[in-house]
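Below: the structure, in structure tokens.
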Amino acid sequence: MAPRAVRVGSARFRMDDLLQTTINGIASGSIYALGAIGLSLVYAILKLVNFAHGDFMTLGGYVAFAVNVSLGMPLVVAIAAAVVAVAVLGLVTEELIWRPMRKRGAGLMQMLLLSIGLAFVLRNLILLTWTGESRKLNVDDTASYGIGIGRVSLLQILVIGIAAAALVGVGLLLTRTYVGKSMRALSDSFDLAEVSGIDTKRVVTYTWILGGGLAGLAGVLAAVFTTLTPNMGWTLLLGIFAAIILGGIGNPFGALVGGLALGLVQEWSTNFVEPTYKEAIGFAVLILALLFRPNGLLGHATRTG
Amino acid sequence: MGPLLAFGFWAYVLTVAGIYAIFVLGLQVHVGDTGLLNFGHVAFMAAGAYSTGLMVTNGVPLLAAIPLAMLVAALLGVLVGLPTLRLRGDYFAIVTIAAGEILRIMIQNQQGATGGTLGLRKASGGWPSFNRDILRWFEDTLGIELERRVPLLVITWLVALVIALLLVRIGRSPWRRALRAVRENEDAVAAAGKPVFQLKLQALALGAAIAGVSGVLFTLLQTSLYPENFEPIVTFVGFAILILGGIGSYFGVVLGSILISFIISGVRFLDFPLAADKVAALRFVVIGLIIMAVMAFRPQGLFGKKEELHLD
Amino acid sequence: MSADEPTSPDEAPVDTPITEAAVDDQVTTADVAETVVSDDLDVVQPVLRAEHLVGGYVPEVDILRGCDLTAADGEIVVVVGPNGAGKSTLIKAIFGLITPREGRVYLRDADITGTPANRINGLGMSYVPQVNNVFPSLTIHENLQMGAAKRRKGMDARIEEMYELFPRLRERRRNRAEGLSGGERQMLAVARALMPQPSVLLLDEPSAGLAPKAVAEVFETVKRVNDSGVTIVMIEQNARAALAIANRGYVLEGGQNRFTGRGVDLLNDPHVAELYLGGAAD
């Protein structure tokens, strides 16, 4: 706890810490949110609690690594490749696993346990392909810029900027476009969407493209912001679930709020306790929140059936 | 590789299998018997292991520490259950992982007490010397030279057997019938005036205590405890065993743990033209494929009954 | 699961002279004749025709055991009957939500038997389920847009027409549907179903669970929609009120037609009144 003595001594240091932890909280919160929105949409529309979602993210990180480092292409290309690759992975699993299982009338828990199997397979195939060595994308992690009251690093700007753009895009998609509204309609009631004449199969396809693509993007950003290992996504998954539950499961806007809240709480907590506790504190917040709001902070008691 | 060494290795694999069997018997009480999707089961094992380790390293005799360790695990079950048992199934699953992770992170950070990532040494207390006594007795009195891992192997499977028989016996009790009714139709049980919450809490505590036993045996086997022994993956390997053997089947648990332990540790003997870490990854690919295949084609597992399966 | 239980002989109106269609437990589906209480009910050009539908939710249990239904252009057709008679199942079979084991469904001249609900929606027939018939987290405007999935061209103009028909929906167009009252919710559900400009609208107990005032509103809505030229086929528990506005009524029991006639005639038929309407009409 050495740094704390310094902090207590000087108000200026504390301001700086607060700024840094806030920026970091927003950055990691946006990564949670990007992962959470995709997972939440898939859950709401397909009633699938996809435990492989974290490993979808990891794959996105490694595809970006392959393009950005192994092939030496720019980060933009790497991001695009990761988004496309994971969206395709989502579609492939829908075709090969989820749709056939739904046709057989598989239950929620059966699909959930199946997704755990898929998570094992993906994570270890990644391990087989890229080994367990931790990797970094080719981004200058020392560059930083002064913004008056403190400094922000290039990494923070990249993560927050890209995530914010993606989140605004998703928000517009869900509220302004027909397919986005259809996704929300399906998450309200799949059966009603069906009898209303909505092309549910097409909407499911778009859901996987969006959910997978966001997972891929979140994976790249996590790889930029932290380090890339085969366990990266799995480690993030629990926080993503926490974000979803905090925001009310099945509600994409709640997932955004939940993700940011979780990221900020975790990072702010490092001002008071050892940073090694920050994950535990995030989970403790989840449990506490559920004590008072068993359906999540923005959850609707009527839609949990 | 000599046959004796090989035997010692197999004894080790089978002991691990037995510990898994006990661990998953506890999980079976939660998942199969009560319908609680407990994804944080490893926390109860950790509670059993670390409370044993902490007691014996602070001078409590091993024999006194064991029942106390079970009690600690059961109490942790109650502690976790109180705020979470009223939650929906999928929330409960996720919150239990979170609870397990909180415990593991705390163990990792309380270095002064638990040794943190450096490990808790000599956690098995008087067991190694007791084990030597047993081996000597066999050699002196019966003239049999036992492999040093054999006593724990036998004890582990005896304990597994006793717990399984106990669970079968409980299976015929009114308590267990009420529990089954909770799993089938919770609302109806509640409407009939039965204390659903208490029943679930009791089941959670019972399964946790059983997992605590597996933690004790794990401590005896490993002697040193590390936080990374208790990562969520252990729970999911437990689920792989449960799924393969069959949700609801005690016998399936036993067979499932032997099969999965063989896949995890046993195939080390097969010669793959691959590096060791790649083989490790491949093993878990296989386990993942097994989970997927069983869930897709035989969700009741090898020995479960389809009509007992509740996966909605 | 609301499988019908075959009416036992002592409960069935065997000794009622008018019911030639008295239930005999042993009879197979085709054996029960229906009583037509009105003459000149034949329709030359029906808009919807269901012929001898047999089937249910699972292959082993037939809930429908030879049901017929005809709707002429511009009619209000009401289906009544006791619980478990197969009313909802009939509507679901017509709308392709379950595929009947036997029998055919024709919309105009097209055979739509077994066509999935999702496609039927684009063929000129819409369906309003009894419950969960609006998207609660979507606004009223968005709910209406969702109704136009099959006809996105001219969607805004059509929504405008719906607002003309239901001014109350226009007032609340930006509100989420979950905040609507029971009557308003049914109004929205009907408006959403009307978005693809169907010629036939199927309603499953639109007044179920509503307060008396809202029930009156719903019937008012139904009449207004019918006045705009849409043929209505509706199931109702409020049998009296529904038959009063019906051009054609069906009394279902045990998955078969028992009485058929003009709404007024059914209301005035003493047997129908006694058996299904809880006593003679006042």
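First chain written, first letter: the chains are A, B and C, and each begins at residue 1.
Everything below uses one rule, namely that a residue touches a chain if its C-beta (ideal position, glycine included) is under 8 Å from a C-beta of that chain, and two chains touch if they have at least 3 such contacts.
None of these values were measured; they are calculated from a predicted model.
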item: Most centrally placed chain, judged by C-alpha centres; value: A
item: Most distant chain from chain A by Cα centroid; value: C
item: Centre-of-Cα separation between chain B and chain A, whole angstrom; value: 31
item: Distance from chain C to chain B - Cα centre to Cα centre, in angstrom; value: 56
item: Between chain A and chain C, centroid-to-centroid distance (C-alpha), Å; value: 45
item: Shared interface positions of chain A, touching two or more other chains; value: none
item: Shared interface positions of chain C, touching two or more other chains; value: none
item: Complex interface listing, chain C residues touching chain A; value: 95, 97, 117-118, 121-122, 126-127, 129, 132-138, 142, 145-147, 149-150, 152, 178, 192-193, 196
item: Of chain A, residues touching chain B in the complex; value: 49, 97, 100-101, 106-114, 116-125, 127-128, 131-132, 238, 241-242, 245, 249, 274, 276-277, 279-280, 283-284, 286-287, 290-291, 294, 304
item: Chain C contact footprint on chain A (complex, rising order); value: 178, 181-182, 184-185, 187-189, 191-200, 251, 300, 302-303
item: Touching residues on chain B, where the partner in the complex is chain A; value: 37, 83-84, 86-91, 93-95, 97-99, 101-102, 105-106, 108-109, 232, 236, 239-240, 243, 277-278, 280-285, 287-293, 295-296, 299, 310-312
